[in-house]
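Below, chain A partners chain B and then partners chain C, in two separate complexes.
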Partner chain A sequence: MTTESLDPPAMNVAPRDSGFNVRTLSLVGLLFVIAVTFHLLSGGLFLTARNLYNIVVQTSVVAILACGMTIVIVTRNIDLSVGSVLGCVGMVIALLQIQIFPQEAAWNWPLTVVIGLALGALIGAWHGFWIAYLGVPSFVVTLGGLLIFRGAAFEVAQGKTLAPFDPIYRLFGGGIDGALGVGPSWMLFVVIMVLYGLGEILVHRRQTRLGFHSKARAKVLRFALVLVAAAAFVATMNSYLKPRSDIGRGVPIPALVLLSVVLFMEFVTRFTTFGRYIFAIGGNIDAARLNGIPTRRTVLVAFITMGVLCAIAAVVTTARLNAGTSSTGELLELSAIAAAVIGGASLSGGRGTIAGAVVGALIIQSLESGMVLIGASSSQRMVAIGLVLMAAVFADKYLSGEE
Partner chain B sequence: MKRRTLMSLMAGLSMSALLTAPALAADITVGMSWANYQEERWKIDESGLRAGLEEMGATLVTADAQSSNERQASDIDGLLARGVDALLIVAWDSEAVIPSVERALAEGIPVIAYERQIEYPGVFYVAFDPVEVGRIQARELVKVQPKGDYVIIKGSPTDQYAHYVLTGQKEIIDPLIDNGDIKIVGEQWTDGWVPDNAQKNMENILTAVNDKVDAVLASNDGTAGGVVAALSSVGLEGIPVSGQDGDIAALNRIALGSQTVTAWKDARELGRLGAKVAAALASGTAPEEIEGAVVWDKGPKGTAQNAAVLAPVTITRDNLDVVLDADWISKEDLCAGVTDNAPDACK
Partner chain C sequence: METQTGKPLVEMRGVFKAFGGVHAVEDVDVTLHAGEVVAVLGHNGAGKSTLMKMLAGAYRRDAGSVHIDGKAAELASPAEAFELGIETIHQTLALADNLDATANLFLGREIAWRVGPFRIMDSARMRDVAAKVISQLNPRFTNLNTPCRDLSGGQRQTIAIARAIHFEAHVLIMDEPTAALGPHETAMVADLIRELKSKGIGIFLISHDIHDVFDLADRVVVMKNGQVVGTANTSDVSQDDVLGMIILGKCPEGAIPGPGARSNPQ
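Showing the complex of A and B:
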């Protein structure tokens, strides 16, 4: 972090790292209530290894998008195009991998993923350019993008469904072999917890050195809670067996992709200048500009990030379905926005967390899955999710003491 | 179903007695108002329509509304001004087009709703029978799985077509439900016909019934793809699954054994049927006297209309040669990944 000396440390570490995030914790509480309720209503189906595994896999796509949506919303913008961009990038990957490149080539699927990510970045840059440099409102630009890239998704293969994908590529979707297995899952758990522990110690030392009061006891407690939760998660994923065998599945690969995205985005929003800029811009764009923050470039980068995340989500979605279809991702923008907002992102800008967005996505998917388990129809699901969206935002406002 | 996405050209199949019409249509001009011609499938319909009319010595003039109600209204006015003797319409919006339909009927020009129903008295309706699609799906599943636990993955709840398909499915399975052979253990609509939604619904249903599923009535090939992906992640790939459209991916699944049936609609045949009906109405044949005409009153308003409906073709692993012979799909695409237990078409 080269720019540390330029910024008052109070801006980045002190307020956000002093113990527990009440907002996120209350969301976790809501998630818990939803889970227990559905568990009782469905006659004990919800809190099973199998259902939790499914929910994790089903949530990953929306959660990846919600991470990007959060930073876009924090800059006081919106992106309505994510579902269409996902569909378009997915179709391009499918076309290249299945029809253009030789099927048997080992470089085929990795190259299509790289091209997909580059295309996502390019589309994000296209939106960001219109918004940041041409001054067109993001609502309008990305509404245009919603239409353009859904149309483009159709044009790529004239609406044909393309299948099947490379078997290795399919692992990204978490199908029958798309999980880490028992041993590697525990190894991943150990590595992550060691890194997390070391990180906490480093932050604690620095805060103490800089003269802040760092709540060591709260941090130890938080570490312990995360440790227990992560261990429970890995144990649960390991206890869901492959069909007709006693081999545990382990952490699904889409969850691993999501975890990487979350860690990266948490790092970016908490510890980089870019992260501080997006919050400053969302808080007050004029003040940010007058303070010398490159507002245009920052918004551009926020949209490029969103584009890349759309491409990552496209890889997971197409690998999961094992087909590229022109309707893939339809209406996902609404789930992504709802997840970010339930997770505490404020549409007036300047506020939002990555962890919150992920929990928001989990809440939406738990409602969706839980209601199917109890046999509710899709229209009833829509009503329920709409109500939870409104209630969550109201509770958030109430808890945070805003007007 | 996926009306927007029918693919690639194919050769004509003679499959219906409807299509052997007497040639009596010289000097007739037929107008066609397309809703959105840029979509691949309508080019296929047009080749059948044009061929059918040319064989009878009739002429075709067309206009494309490019997905706009206003444009379709002015297109129809234009076609009427050119003096067409019969008017075929693929409605962009089957309600908004009604004022134009009224104008044409007032001028004494016969109007034929092509593929998309326009529920208005006096309009002739020409389409693939969507109810038959559902019957085909259910019939083939029941053949291989006469008893057991069924799941229904329905189409988009806002699309009338999905309701027609469901009606056909129910016709076949309801008696079997009543006598206890078949039990519906899960049933969900698929918002927007999106395969990902079908996949999630199927995964959750599998959880709810702890994998006790014997067959899945999926309403089109896209949703069938989602269902098969969900089944394969719990090792159930291979139980009977239905579909419609004849998607390349679905035909490949049939060859591989992970899908049972697709209801295939040859758009050129529908074009030829449209040509025959238009020419007959234009030369003064009474609508109810057209060969094969039936009364169709299954729309949401229950309006009784004269109609000619075409049965889709049942495609299973036993007759995959039909789609090969029609050049609908290449053998390479059809048989990709097929190794052991190959169907005859892949040998």
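Showing the complex of A and C:
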């Protein structure tokens, strides 16, 4: 009968160790090459505390979006609307905080953030409903969303620019005071490394008890590498001083927001059934369905997650600009998709990693920043990033042996 | 004519299914008893896979009733079929090729702890169980961490069979179980069917090739154009009789004619 034929399964590999695989490591290597190259070309401007701090802050927004984009792409969908959703949510937050709620109220900015997150979730659910339950392709639904929410962002305040935001809210943007400070940065470093170490030990013990060969040496090496990298990161952020002072800034708040997002998304994609299901759906949706996976609900939740991440990115972006404008976030969907794809997400579904997406975002922002430092125009930067995207996907296909 | 006594394990009555204007399954009655192997035969497009997918919860029937162990069953989803002990080895094997053997074995039914809105997988436990189940079936199959797309046909089949064994099927549906296998693996599947049968599991074997299943089956149900041509004990009919049913829709002596039998055999 005609109905019994199933699509040929997609030819993809899921990550087994998404935090630290060869693909991600080679991207980190690429990042180093980019950094050193631009450092030399710019006469020593790239690898400075100031530039690296700015790259981290700029990367945060793209990386937050790329994390969500990765799970959407893993389910074999796409979201073209994230820049517009970011703009729209940002405008709603700006309108509420600056024009509607009393400016002096302590509850003002927290409430606007909560409303922004809820709005992001709602928009994500709206897209997800059209895609998962009405069966309209995600490309079309989110292309519609790109127009709808950019238009809505204008309508919220008739195109006016709204400013200024609450001083506390602005900390999310990583401005002059928007960092942890030297002491707390080191404390955060210690806490995270201890938790990470304990987690590894727990997993190792459990695997050994069940009689599995757990590669202790590789894990120790991995821990040591992360330890050194994290220490170098914190030291660099601490060495960027506030203007006209000798006070180090420390880890910027946007990086902290990104870190929370990454930890949460890594947890979800690696350890929960939801994570397993998005990969199964992307790999073979018919198999997923026949095995009783709630495919529609899973895709819906993937888009809701994307919507919430758009709202988080909107908070960081508007706080950094200290203004709400209806054009905020334009073309960001392309950076987010590029970051996810450079990071190893396959547009045919079933493959992608959160860590890869973050490194992908870092690569894009480093290129942007490096080319600014050597005096390239914005048009030249666009050409270069377009070429890098294509080369990255080609290299990935070639290296992973796919024809 | 049913030689078995007692309540059937599966009883499908007056089942209909249409896709658009095409009647894929029309007024079909089928029963299956514990420890019985029933072959569902017919050409491609005869409706046998559609019928079995309704039992597996993959398709919802338009009309008719299904009783499992005497209890009416809705069978609205694969999950519901799993709960009733109905396992299916699909022709496509229903594997996600980007995931490994363990992930595929437990796909949709992971061992997990519920923590708030999350279900956190016990990966180590699942790997442990998968290693045991799979080594029973195929001791040489040890690469449990390899994505399924890099496995052989026999290994892929093993994973699909391991699902049915691990989740303790009472009713097992096997859709063209040997279509993609070599002679050695086909013999292994035949041994497995006999073993499961001896444990009292009821088995539906779907096939378009009578030679694959005639010796294994206690009964055959032949379908043509969405209807049952007839049902027969394999001891009461010859292979040629059954071929006549499949090709011509002609019901021989020794078989019980169904609604799809040709009324005027020429």
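Note that the second predicted complex is superposed on the first by the 384 of 403 C-alpha atoms of A that agree within 3 Å, B and C clash if a C-alpha of one lies under 4 Å from a C-alpha of the other, contacts with A are read in each partner's own complex, and residues count from 1 in each chain.
Definition applied: contacts are C-beta pairs under 8 Å (C-beta built on N, C-alpha and C of every residue); 3 or more make two chains touch, one makes a residue touch a chain.
Keep in mind that this is a model prediction, so the values were computed, not measured.
By the document's definition of touching, neither partner reaches A:112: not chain B, not chain C.
In the superposition on chain A, contact is made by A:279 with chain C only, not with chain B.
Contact with chain C, but none with chain B, is seen for A:271 once the two complexes are overlaid on the shared chain.
Of the two partner chains, neither chain B nor chain C is touched by A:335. By the touch criterion defined above, A:60 lies against neither chain B nor chain C after alignment on the C-alpha atoms of chain A.
For the contact definition in use here, the chain B contact set and the chain C contact set of chain A share no residue. Within the complex, the chain B residues that touch chain A are 2, 4-5, 7, 39-40, 157, 186, 188-196, 199-201, 203-205, 207-208, 211, 221-222, 225-226, 229, 232-236, 247-250, 252, 336-337. For chain C in complex with chain A, the residues that touch the partner chain are 19, 22, 24, 44-47, 49-50, 53, 56-59, 77-79, 82, 88, 90-100, 103, 107-110, 112, 118-121, 123-125, 127-128, 145, 147, 149. On the side of chain A, the complex with chain C involves touching residues 1-4, 6, 9-14, 16, 206-207, 210-212, 268, 271-274, 276-277, 279-280, 282-284, 286-293, 350-351. By the touch rule above, chain A contacts chain B in their complex via residues 42, 45, 48, 50-51, 54, 58, 154, 158-164, 173-176, 178, 242-244, 317, 320-323, 325-331, 368-369, 372-373, 375, 377-379.
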